[in-house]
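As written, the chain order gives the labels A, B, C, D and E, with residue 1 at the start of each chain.
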């Protein structure tokens, strides 16, 4: 039984980390109806920029390597880069494609993926790097001692961070003027334009916020498995979370994350051995698929309105 | 039978025989969550007649049409089509039984040309298999040509020859409405449901549209259920009118009777009419 | 006079950082030979890179694009991807271009009588598995101590990872240990479930048969679940700086196999420093990585390529560019004994190696290195594989292939 | 003034139904076919045949398949590569396990296997729409590749999961040279493209498009969405399956399941979006574009920067330019290259008079 | 006042003026072939014409919404209060007080009616109380919306959506509204009401209107001035009262042929109208 709970809790915590990446997708989808394929690349870009600055700053400023000042300066610089990236994306990609079919915008974000990946590596090189957030990925001792269960400090910290982000964003969308405008834009670009919602600003804001979320996700995931190209694959973990929770729901991302995380781990441990393992790659997708058969718009997603 | 030829000598409405009840709606109630779109509504539609439904916005007119062809399934009530009860009928079954319709918010297939849109109307009559279509030879080709001929008749009838190959998305609103009518007509329906076919048209175009509707009704004996807000049109061309208000029926009868019904005036027509 | 070498490379994508070091070492070595010796007996080495993004279709395109370049066509094709290896396997034979796959590719191609054009040199996956088991045996205090032990096999769930199954099963049978196979789905950036399973089953050692981000994640998760890192033994694609650094402290103590070692203190690397980097000409953007595992692996590629050219020239004429067929002969008669390696400044850097018509693998030996948190330290001498066992499997598999394809194996006794 | 339809009248519906109603187009098509069937085999180098033309043709076929599903029937799919894998492994196993199996039959059977699997994974489309469906088709992508790796039967118990295609032999002729392989691929692709064109301009195609554009309305006029969607899944997967089999038999020779990964699925998706969603011609243009562009960039970078650029930077620049060009093309014409082509024709029709 | 629009248009800079505008869709489809018109401050101008004449296109070229449909103003200029506005973003225009109510409703389907209305006030930075006031005002005009305030707009009836779209525009407190077919799909009573609201806003709050309308009868009753478009050109213009009495207009746009209104049942379909131009 202890093992079961260990797997379950580990799964739930991993799930929250998936949710963190899924959140970036939700933000942009909710605000522009765009399925932003480049989210994974943005996570990579953000993390790489952060460690890049972290390496450079001591040389530039004479600050002590690894100090808190360097950390926060690097964080601010990376965030600024993400915002610039967001603004550029709006200017170069989205603005000329206003009101185009979703699939076109989707494709544009794929183009953007190549662009971002290329730029990130052209600037910072392809080396893999370690990233230290100062919180070790070790079991919390009193739980290990008392229940012989492994619950990672780092995962708990990351989960708390994700929870805060989700709560903040959910409130933002539901109750602020900009949040409302974002949802309006997602429904109908042209109508949003017609009542004077400045798409440019709105999009720059969302992409900026999505950049921030990507940075947080990038730091967490980068600290877990190093800052390297494979960070872009975090997107693959986020997609089933996204469909399960619903593309348009911020809380859905977290709930979806929990469900996916827990069930994929349990499946790998309890079903995997019978079919030769490695089912984590597809299991979440299958699960999400069956889930969709019951609720085609995910758990909390907006219903597709088709009236005649 | 060339539609346009026959349409010429059918300018007056002589010789129209209203027949048996074709569609009978009994005690229909429909609600969405908390909204009662229709409450206990009963009325019937007779063969060959033009039956109009009027009422203020949100009264439940479109919902009524949706009930008739199976898009919505009412929580309560019976629908009898040609005397047979219909429970939970799918829209495509309704179509197979000869019910065609147009939509309030144009529901054309935006990526297709006018011709293709109208051709889809003949879908139910096309019998070739996928493999035959792939080869496009022999039967499939003959079938295609035969139906194309029928569709061209509809196109001539509606006078939209010049836009045959235009993608419908580019057409102005009024023409789209006309194409939608064409698509419904192509199915050679026995019962035609029209949801505000004349919205967004000027008088001249409305006159044209009325002409089309009357001609269809005269020539083919198609029964028509019409929703329309232009009282001039409704009163001029319908045989009987149902009036809905907030999901309830407040009037039913020939135009003249309805026009003078006090409830109807209060709820819908207003004093200025 | 020029000898052309086509380099299908990957410098972008998930494995781009590996590619940068590998191709850096390889190209630097060839540049060094050009600069120091003026080429091979006066024949300048030229090369062209072709980006494959580690993608099979693009690999084939590169193969076709490069094959007729240079005065004698492409001398040797080294795809550095098992997928591409398979995709061009039949083409190289038709085009008469030798294909060399060092430490990857099709294992049973080591049987040169069935695969005359393919050279899975230095060591194959099966030899490696066997050498790792041998290493575990010595650690356990003798091969007989393996009986009743449990060895975990954490593998990348792909064709690459599955290569390990047959040989491990065979070895388990022979030595009486138990294999616990645990699959990790691509890309492997989440391994909570796997390591909890390992924690539950408590294997004595875990072989990490990983690739890319899977390796760092495995080490991190091992740390998280309290599995001692010095009992995790990586394959050579898990034993580079690129694998250890991102795992941070969690990688300390991790042991990995390698058919070359890390370090910049070998004369061959020094030669590169003085003849190339000192003249501002090196291929590496990040000069710190000169001497890293993968960089040195690139140098091994360079050495083997250059020495094959040299061997071929001995027979077909010094100072002339070699054709593909001549190159093939050069590879087949390559003999890098300890003396030659010392002359090349690579003593202890890579195993000695002797290729023959029958045996296209050669050495089959690896050294083990341990990560101390900052660099790899060699902890063993060359560890041999169980050659007879591996060879038997190779020949069996090659024979099956020959039968399926209707190939009559050449008679190696008639070759010289 | 050269490109005019003036003076060409169509006297019957049959004439109006021709695939290329304008005479200049018919001549153009004949010339193109002649070039590809006659001139190319005569003049193209092996490199062009093997490394460019064959893959472009095969990808075009896969793109047609995806275009049928996504472009015509409106069901976004990210699993095309997996269906290709089913086709390849299917054909391989038919060839392997049935003696004397003719290649073309194995090809078709492989396609049919893919069609079956496609229908199975298409079932959810009855309820799931848009991007939700796209992500759901990812389930197919991952599951199929996983199953092919996991169950060694599919690869005839090869230790690495790799299959190597048997020699193609049709009526005693061994198709083992690049030219023959090219001609075989070309013929199959041309025939299937023609069939696809027929399908999309017939009632079947109209049903697909109707469901795509507005499925409620389609149902109201009597189209069964289920049949339309599943038939699109079946046909699309069939095309992908055949493309997959060709990929194994006339292009690579040896394939592994992982070769049919998500990247390949995306590549096919790029092809149809860049080429033109809902256009058979677009599938060809898109495939050519996506296959050729990276190669062109790679060669181009090598020639202009020849060694003066740090090696890694060169490759990254290629990536950047590739991404940038995709965005650029989408902005210039969101409907793809095929639309650009029709617009050009429209302009040509009016030329030299504006409007 | 309406005469001023014709006679003195040239002297004082008009409120809104469009000069010789040409619009091309998709780089090839020429839709507006040089349209010029003026709107005086505080007036209601009706833009009439058959389907496809280019009314919506004209309105969209003013509010700069063409870009989203791959349309382009290729010639001519548009001035509002003496300033060129053809290069401005729709957002700038709304801030300057010009707002368009698009044809075909375009409500935000997933937002509730109330949220729809609230987004209408996006460009205004106002206090909560003011916002509430504006909201109440719209509800006062359209009581039906108040009862449906918390339904998702996508599920409301066509007429309700139309009211929502108009209400949403009013929330921006515009000086000039471009109304595209406001009466479409509305019950006769509501049509009257909406035009009463237009008149009300016009006289009480000095809001100017340019409305494209098919319901010529009502439009001319409420408008001061009218333009008639055909095939991308203005073919006739004049004070509303003059137009209403013009024989051609009467016949083709009002359905009044000489002897008065003709029943829809009696109109012959083959009767084709004469064309002014083109």
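By our rule, contacts are C-beta pairs under 8 Å (C-beta built on N, C-alpha and C of every residue); 3 or more make two chains touch, one makes a residue touch a chain.
Predicted, not measured: the structure shown is a model, and the values here were computed from it.
Farthest from subunit B in terms of Cα centroid separation is C. Using the mean of the Cα atoms as each chain's centre, the chain most removed from subunit D is E. For this pair, subunit A with subunit C, the centres built from the Cα atoms lie 36 Å apart. Averaged C-alpha coordinates put the centre of subunit A at 44 Å from the centre of subunit E. Inter-chain centre distance (subunit D to subunit E, centres taken as mean C-alpha positions): 47 Å. Look at where the CA atoms of subunit B average out and do the same for subunit D: the two points lie 41 Å apart. Residue positions of subunit E touching 2 or more other chains: 155. Counting partner chains per residue, subunit D shows two or more touched chains at residues 146, 214, 216-217, 220, 312-313, 316, 318-319.
In subunit C, the residues touching two or more other chains are 11-12, 16, 20, 157, 185-186, 285. Residues 69, 71, 90-92, 94-96, 100-101, 103, 107-112, 116, 119-121, 123-124, 126, 128, 130, 133-136, 140-141, 143-145, 148-149, 152, 183-184, 187 of subunit B are the ones that touch subunit D when the two sit in their complex. The part of subunit A that touches subunit D in the complex is made up of residues 29, 35, 92-93, 96-97, 100-104, 106-108, 110-119, 121-122, 125-126, 236, 239-240, 242-243, 247, 275-276, 278-279, 281-282, 285-286, 288-289, 292-293, 296-298, 301, 304, 306, 308. Across the complex, subunit B is touched by residues 25, 29, 48-53, 56, 103-105, 144, 148, 151, 155-160, 162-163, 181, 184-192, 214-217, 252-255, 261, 263-265, 267-270, 273 of subunit E. Residue ranges on subunit B touching subunit E, taken from their complex, read 7-8, 11, 13, 32, 35, 55-59, 62, 104-105, 170-175, 196, 199-208, 210-212, 214-215, 229-233, 236-237, 268-270, 272-273. Partner subunit C is touched in their complex by these residues of subunit A: 3, 6-7, 10-11, 14, 117-118, 121, 125-132, 136-139, 150, 152, 154, 221, 224-230, 232-234, 236-237, 264-265, 268-269, 272, 276-282.
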